[in-house]
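Heads up, there are several structures right after this.
In what comes next, chain A is part of two complexes: it sits with chain B in the first one and with chain C in the second one.
The block that comes next holds the complex of A and B.
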């Protein structure tokens, strides 16, 4: 029975099915907010599901120049990495599947893995757009990864722990005292997450008008659906991680609190997406090292001073 | 890193029409570009020869979906010159009125596309949302949003009523406020500005040498505007300023286009306040006397030239169109050298290209054998299928 229970955890809740569906829901929230900010009506709530189903029914194409094994294997691995990362997040009163001290590092590791997989996806797809996109993805990775990790470490410093559930308990108990201190780190982490998820203004690796879809140019049908689901899952993990570390509403509101804080995070990301033009890749790097990293370091210093 | 060849087009998300640009890039820097036209040649010039003079006007209107009024005005002016037709004053004012309304919607379209090319889709949605104001005004006067069908040889086909003038006045008030806002966004929003400033730069000398026209030339400081330099329609009676800028980059192009929208709003106000009475058209003969004429028109994208020759029959002997994009495309090739890959789409979009208007028939010679062949449509499509 243990085996069946584990399988249920992996595939249904809080694993694959839950993450993917929650991701598609957050995609709808994002698209709707983005559309309303642009004078548009926006899609109905079920649109992301329809899009996914449509992709799964489309023709299956492997380009001649692509490596067939990598072309199929990498999208699956990408989705697996993102879903696995979520297993280590506690949420809505549930503890994570396998909590241990240091699971914060594991979640960050799986998020990083997704980016490296995106690089490989573009590199092995045999398209010049894919290669340029891959190189940009790696360049951008060097830009946002440091501020992202530094800002995520700020609550960890306050709580004196690497365990997400411990940080969460400490943050929830001292929310009124710690939230103002972590606001700077929260802002930096939102911006870095925007970079991680390759969204405007940090979408140079997937810039539609420049390099079609970057690493995903050659992809279609089922494989593209897997990559898209992986991106949604990354959104869930990113929003969930920030919600756990900075906005642990679910200690008070339960499951609803988790949804609320995730939607708040996605709202922030959508506003960013609607307010800027795309940055060139060199500007992204410059902004990251000139502003994001100093500010995240400042955020950490604040945390150290408050903790005393 | 080895040099990679990046094909932009014939099909590419940055291009709204098929045209081929092949870039040799070294990392993020463009080394060279090879521009190939000829993917959307439609043979309109030849087709005009099989139509009567009046039918040709409707075909000419469809050269461009944006500057449709520009092309028909240009064509009608040439025919009127050959036939010696004097266009009534009211018709000339209405032609100018539509020319300026067209300029506004064309420039707002450009602003939106420029936003889209640099990934600023909010500006795209906003600009096109407000472009609807002028499109609605065009529709309520002419009955159509883009191909207005206003021009005919000898004048215009529809009158502008008092009611139209009132509605137009209200639309202008709304637009004026919105255009001020866009000017503010384009010049002050940091990310958008940084994507335009110093990008796609040409010097004044290059702009002249390459024969650029319209806003592309004016943004490099070349003070040319046919509305002032070679007045047609009612422009000899209308006071207006020619907007120029010095930068030669895309920020200057945006400044020029936004300034021209404001200037067009003023011109429209002047026209509706000073619209003369009288007939809107004179009857043109069915057969145009033999002769030839060349007509020029300041379209939103620059100078449009039509050459028309008549043999005295009811059909043109020859119609030749030079759309402004053909004059500006060399500026793209020039400013592409040393540009960054990220700036490719906005540099192409910077001249506000209209490829199907521009396209030439291209003859491909087989270089290896030097053989030239003429294919029928069936042979050509069979060959395309074979190569797939």
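The block that comes next holds the complex of A and C.
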């Protein structure tokens, strides 16, 4: 029975099925907000699911120049990494599958892993566009990983712990005292999450007007579907992490609170996406090193001072 | 049941790629106008994709010149099955004003199979949307019919 319960946790809740469906729901929220900001009606709620089903039924092409093993294996691994990260997040009153002191680092590690896998995905597709996209993805990864991790570690410093559930409790107890530092860290982490997920304005690695589709150029059918699902799952993990550390509505509202805080995070990301145009790759790295990293370091220094 | 869902998903999520095989660019500007927020084609699930590998529908504008023939064929073969082609503009239908030029092969259907023709020089965005909507019905029918539509399976492109 134990085995079955574990399998259920891995595959259904809070594992694969839940993360993927919630990710597709957040994609719809994102696209709808984007459409409303452009005065459009936008897609119906089932659009992301239909997109995914369609991709799974398309022809599966392996280009001659691609490495067939990596071409098949990497998209699945990418999705697996992102979904595994979610298993370590407590949410909506549930504790995570395997809570231990230091699970924050594990979640951040799996997020990093899926960005690195995106690099390999482009590299082994055998297309020059894929390789240029991969190199850009790595360049951006070096720039945005630092502020993201620093701003996520600010609450950890405030709470004096690396366990997400402990941070949540301490943050809720000292809400007003920690508020200025938390707001700064929240702003930095939202911006760098946008950069990390390669969304507009930081989507130079996937710039469709310059390099076709970056790392994803050669992928068709179900491989593309896996990569897209992995991106959605990364969005869920990123939004879930931020909502756990900064917006713990689920302390009062339970499951609903978790959904609300994730939607709030995605709302912030969509507003960013709708109001800016794409930056060039040198500008994105410059923004990170010039503004985001100093501010995240400032946040950490303030956190040390506030904690006393 | 499953077939119905697949057919619906084909119909509801057409991703288009856009290719100009030698036209005067006015048709391309109209195609670009079609995907602006004013017409909101995302209602129909239409998204413009950069890579032909991701696309279901190829929107072709312009006559096919001798030089671009190879490229057009290559892009067509790069698309995964099932794939559909919409020819937009008089040039893409027959060669239009360029008909009979020494370097022009004629319409797009001289090189690749075309499913829907949208006449006009250039056609308005609403005409292009109507053309794509026609293809959507065809996609759904093909997905429901037994033999389906695997025109040819091309590997290694």
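Observations, loosely collected:
Here is the rule we go by: the second predicted complex is superposed on the first by the 307 of 308 C-alpha atoms of A that agree within 3 Å, B and C clash if a C-alpha of one lies under 4 Å from a C-alpha of the other, contacts with A are read in each partner's own complex, and residues count from 1 in each chain.
In this section, a contact is a pair of C-beta atoms (placed from the backbone, for glycine too) under 8 Å apart; a residue touches a chain by one contact, two chains touch by 3 or more.
This one's a predicted model, so the numbers in the text were calculated from it and none came from an experiment.
In the three-chain model built by superposing on chain A, chain B clashes with chain C. Once the two complexes are overlaid on the shared chain, A:275 sits against chain B while remaining clear of chain C. When both complexes are overlaid on chain A, the residue A:97 reaches neither chain B nor chain C. By the document's definition of touching, neither partner reaches A:105: not chain B, not chain C.
Shared-chain residue A:204: touches chain B; no touch with chain C.
In the superposition on chain A, A:283 contacts chain B only, with no contact to chain C. Looking at the shared chain after the overlay, A:146 reaches neither chain B nor chain C. With both structures placed on the common chain, the touch criterion links A:50 to chain C but leaves chain B unconnected.
In the superposition on chain A, contact is made by A:128 with chain B only, not with chain C.
Residue contacts after overlaying the shared chain place A:218 against chain C, while chain B stays out of touching range. Within chain A, the residues touching chain B in one complex and chain C in the other are 38-40, 129, 208-209, 212. Residues 4-7, 12-14, 25, 27-28, 115-123, 125-126, 129, 189, 191-192, 194-195, 340-345 of chain B are the ones touching chain A in the complex. Those residues of chain C whose C-beta lies close enough to touch chain A in the complex are 5-6, 8-10, 12-13, 37, 40, 42-43, 45, 49-51, 53-54, 56, 78, 80-82, 153, 155-157. Residues 37-40, 128-129, 131-132, 135, 200-201, 203-204, 207-212, 274-283 of chain A touch chain B in their complex.
The part of chain A that touches chain C in the complex is made up of residues 31, 35, 38-44, 46-47, 50-51, 53-54, 57-61, 63-64, 129, 208-209, 212-213, 216-221, 224.
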